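Naming follows writing order (A, B, C and D), and every chain is counted from residue 1.
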Amino acid sequence: MGSIYGENIHISIFGQSHSPAIGVSIDGLPAGKLVDMQKLSVFLSRRAPGNHAYSTQRKESDLPEILGGIINGKTCGAPFAAIIRNKDTRSTDYNNLKDVPRPAHADYTAQMKFGGAQDIAGGGHFSGRLTAPLCIAGGICLQLLAEEGIYIGAHIQEIAGIADKNFDMIELQPSFLQEIQRKEFPVLDDEKGRQMREMIEEARMQADSVGGIVECVVIGAPAGLGDPMFLGMENRFAAIIFGIPAVKGLEFGNGFLCTRLRGSQNNDEYAIRNGVVCTKTNRHGGILGGITSGMPIVFRVAFKPTPSIGKEQQSISMNRHVETKLVIQGRHDPCIVPRAVPCVEAAAAIAVYDAFLSYKKER
Amino acid sequence: MGSIYGENIHISIFGQSHSPAIGVSIDGLPAGKLVDMQKLSVFLSRRAPGNHAYSTQRKESDLPEILGGIINGKTCGAPFAAIIRNKDTRSTDYNNLKDVPRPAHADYTAQMKFGGAQDIAGGGHFSGRLTAPLCIAGGICLQLLAEEGIYIGAHIQEIAGIADKNFDMIELQPSFLQEIQRKEFPVLDDEKGRQMREMIEEARMQADSVGGIVECVVIGAPAGLGDPMFLGMENRFAAIIFGIPAVKGLEFGNGFLCTRLRGSQNNDEYAIRNGVVCTKTNRHGGILGGITSGMPIVFRVAFKPTPSIGKEQQSISMNRHVETKLVIQGRHDPCIVPRAVPCVEAAAAIAVYDAFLSYKKER
Amino acid sequence: MGSIYGENIHISIFGQSHSPAIGVSIDGLPAGKLVDMQKLSVFLSRRAPGNHAYSTQRKESDLPEILGGIINGKTCGAPFAAIIRNKDTRSTDYNNLKDVPRPAHADYTAQMKFGGAQDIAGGGHFSGRLTAPLCIAGGICLQLLAEEGIYIGAHIQEIAGIADKNFDMIELQPSFLQEIQRKEFPVLDDEKGRQMREMIEEARMQADSVGGIVECVVIGAPAGLGDPMFLGMENRFAAIIFGIPAVKGLEFGNGFLCTRLRGSQNNDEYAIRNGVVCTKTNRHGGILGGITSGMPIVFRVAFKPTPSIGKEQQSISMNRHVETKLVIQGRHDPCIVPRAVPCVEAAAAIAVYDAFLSYKKER
Amino acid sequence: MGSIYGENIHISIFGQSHSPAIGVSIDGLPAGKLVDMQKLSVFLSRRAPGNHAYSTQRKESDLPEILGGIINGKTCGAPFAAIIRNKDTRSTDYNNLKDVPRPAHADYTAQMKFGGAQDIAGGGHFSGRLTAPLCIAGGICLQLLAEEGIYIGAHIQEIAGIADKNFDMIELQPSFLQEIQRKEFPVLDDEKGRQMREMIEEARMQADSVGGIVECVVIGAPAGLGDPMFLGMENRFAAIIFGIPAVKGLEFGNGFLCTRLRGSQNNDEYAIRNGVVCTKTNRHGGILGGITSGMPIVFRVAFKPTPSIGKEQQSISMNRHVETKLVIQGRHDPCIVPRAVPCVEAAAAIAVYDAFLSYKKER
């Protein structure tokens, strides 16, 4: 039981890569809230396989079908539910994966957990495709947050060691986030973006893959979101962010860097600017004691290089209990980071909106 | 509502730094399990303020008083509950903190969340002292896990940029973990430990503080622990680890480093050693798709430098709505990393034991 | 947020009476369990509108479509999800119901909760139709329980004051339950059943409706299921049973009758029969202190008369804020009790299977 | 894991009858709310063993000690925690109960669940004494609800078949509830109360016991509390009410009686009185579709006769696996219903306040 999330809203994700459909139900959305399906569709297209920089064909089939929870374009208090049909599920023989697990995939661990009953086709429930229903839920939360003046945006902070500029962590504007989100390749510094794409292309040519970092900010969140201890904002983000496949690290504000700083270098002093309390710097990433300070919330997510590579790798035959060679067929995305950007935004939006509902009930 | 954790066992932590007591209840422990109070006491002493390298006096008062859940030294099926009295709560005037928040502490954010109703004394419920009940719960889970052949150990991986050796991520033995845990300053390389202590001392002399990294391993966990998506082992660890004060980052296996590696450099190939399936390397940190692989689980936790420093800092008066200077009085731990080591072990133990109970019900 | 249930398995029900589909996801089913779709279909037909005693037409459309969680007829560890299309949702004008609420329906309370955003058509998410996904989930749990030797069956215990015989609460056999379940009108005493049907028919002729009681038993459940306090078996049953529309009461064992008995008349003495501990009588209904005793679990559920009646009733116009008359159009089931029988079994099965998974993790 | 309750507030009850203490933590109370300890103490005295009609001695020891969550008489956002010491736990030999279970107690079922590890002394965690922490939590919720204009009161509706008058379900005033609550024996009709006490006394003289019914009302609750399906108000009440020992039945509004009525007799017509929408009658007990209508919420709770009776009963020796006689020693309350009245109010208050917090976050 893992595909559920939330304290006030309750997200339940279902389906496998090659099952008839994937989908999501969301229980607990307030009633009477407008959901703009066109906007949602634009958001979803940012993670769609056919819509990033390397591709032009549009897969219309990834448009979600709403099954319940929406009347006349508004939430109606009943659980929201939507599905996406898995149309492209030709019976490629994935059975080999049950015998010879792909390195760095979940094939082996799923086998150990489910004892062979797992759906292996296309990665089953572990497939990156399951981030589509996550993005449906997150896309809705993004709209509901925008109504409250809370905006979320992410960019590719690093790929293969090439770093983008950083967001301005003090004066960030929603319009700037939207500008980045409209880019095919969401970086602040397009020249760095060009270099990143070269690195991706180079990896692809060598039948290899690269990883990277997504940086995400939340602006407009009021001070006072989050709870002490295990429902602090960091915990809330982490509990959902690590549900995105290939995430191996997460840090807030100065993150791992702060371990090498002195307190005097890492503390953010308070100030009053234009009559408003703020911190002069934002090394804390907008969260102290698990609770938002009103400064932009900042976190970074580490994505490992795509496990599916074209190079020959050593694996084992589980049936014959011997070591064996494995060559993974087919074309694979040599870097998932660009498509992960909206997934991180979606996950963040769910976590923030859920915390926001808690915030409302305390007032 | 944040001070609760768990799916199968249910941990509820209560109390503030200066309230009559702090404590924890644990609902859902199996009945009939031996809890060795002597062992628990030894474990708790590792995080106790008076017991680390810089101090000799022992605060006996931090021994927990069991209120329920144990009969004849064994769990009895009723919720476990224990408290620690807060004896040393003289009425220092903390009220100033309500007016002038300390940088990088939760003073300001708590004020914004609780509107002035919060308990400010000693940090209230946000105090590092609340890791004591966490360690009670975790200490019990460590004992229950040891019964199942699962062992957890952590060390100081880095302080102020000085790095310890790494654990051997393939061949780690329980006895080695215990050896490290018996050290006053838990590092693998004592010379590096000496340098770290020098850096701490230097920071103290300068009325400043330093941060660091704790590395934690879980060995003996069977393959198949954890669930897909939001209850993956990374999510489970993260949901509790970020509940420890001052944590700003968390990474698994190769973590952020893997973002700079190619897939061919980061994938762990499978092999068979002594008739057992394993990976030749352990860059994945024992978790794939949220589920354990049977290899040692490895994660690293970034702790920021102690926010309380002796240097003058700028803050604000919330009442007068003006900027003001702040000098924090009293002696403060210039580095919390050494005392955080058992806290990380405790948090990890709770997460693993909770997942282990899920694992049992699936079989 | 209400349409979710469960501790170990997690049921999430979605859809409205006239939305594109209704459905359910179930997270947490063990992997590798056979789900017999034919058996499930037979079970679902028992609550289907066209399949009870008063009707012959079969609505094939109520067969669920599986979207995920099943591979080769077995659960695969991923969440189970299934939907039923709402084909018959012609745009009858239900808008009047937003203005003039039907007495004893949820029209008014939904309006007050959702502020007019609710889906009113066909009762929306409050419709009895939402028991179909409940029966999908329950039908699967019934199959999983049967594998463990646990059987659940219910009968119409009373309609309009006419009482059926009672189950033998000591020596009940699975085969007898199945015999009752195969009946069109599930009573033990068919002559009483005939009288009940006469009363239903009489109410229908008078444009009125009748209520009744469903009695449900669980046999084969091991002693030791359930938990103290708020997760006792009674609490677990109640938390789901009151989710079936029109339920107004629930009692276990002797129930309300026991309030008029002396302790000496209500206590069940222990005995040993064929080497097995049992109670000589079963007034406790198989549960003591929230935990099963190994005797049959017995409970009774009170269903109110169908609120939709043909008689003219007084209501109000919410828009005009005046009293007004209301005549509900269309044909309505004059008694929902017969179709409620499998719903009670389904709800009971979910509660028992969820408790059974807890039971497993404790061993 | 059963001693926890709540969606927005989180109640965790711990301790056994003879453990060092019993207690409760409540996570999620809003900060800044006044808790009147004097009022709480008065409320607790209503369930205290020494304070009912048959006794004069006051056990001061049952006053709770607050451990956290309260500063200057107000909630501070940290979890509330309080304990009551178990002073009177002399080592009566309860070990016999592990061998020879008392009929209608949890002795046997606890043995089956916990395999002999359970705390048997005084009923352990199953003891009625554990309603004391429930009343602490409920007493606080009653105060918080009163601030919102929501009042809860209960009376003895029936003992041994002797029925009290009913509350006026349309025009009930808070002052009337308080009047009943001040009575030593909380009935509306004192003559009926006298007869009930005679029946209790008669049962006591015969070493027997009697059961009864508690009726509870909630007035002032706004229309719109509660959620569809499994978090309907009935489900919420039921999930906690069945956690009170000896409860065997629960009904709302007309309850089981409505099963014998026609729809036209049971439906409540809407009307407008003094400009306010209401129902002319209140057979629905203030809840439709799980959601409050604004009319008084009404429910009745069936309590079985005290299982501990002085008469000889047949039981078994579990060790020797033979039938044996049992005579329970000591004085026992021949009727728990009077002391159950505040427990029902407490449980209701927790359920309503938890639902009220959900209600707030939707607005």
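Note that a contact is a pair of C-beta atoms (placed from the backbone, for glycine too) under 8 Å apart; a residue touches a chain by one contact, two chains touch by 3 or more.
Just so we're clear, the structure is a prediction, and the values are computed from it rather than from any experiment.
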Chain pair with more C-beta contacts, C-D versus A-D: C-D
Computed distance of Cα centres, subunit D from subunit B, in Å: 39
Chain centre separation in whole Å, for subunit D relative to subunit A (CA means): 46
Approximate Å spacing (C-alpha centroids) for the pair subunit C, subunit D: 26
Per-residue multi-chain contacts in subunit C, two or more chains: 1-4, 8, 13, 31, 77-78, 110, 113, 125, 228, 358, 362
Touch-based graph of the chains, sorted into line, ring, star, complete or other: complete
Residues of subunit D touching subunit C in the complex: 1-5, 7, 13, 101, 103-106, 108-110, 112-113, 125-126, 130, 158-161, 203, 208-213, 222-232, 234-235, 238-243, 245, 247-256, 258-272, 275, 277, 279-280, 284-285, 287-294, 302-309, 311, 313-316, 318, 321-323, 358, 362
Subunit A residues within the subunit D interface of the complex: 8, 30-31, 77-78, 228, 357-358, 360-363
Subunit D residues touching subunit B - in the complex, by the definition given at the top: 1-4, 8-10, 12-16, 19-23, 25, 27-28, 31-32, 65-69, 71, 74-81, 83, 110, 113-119, 124-125
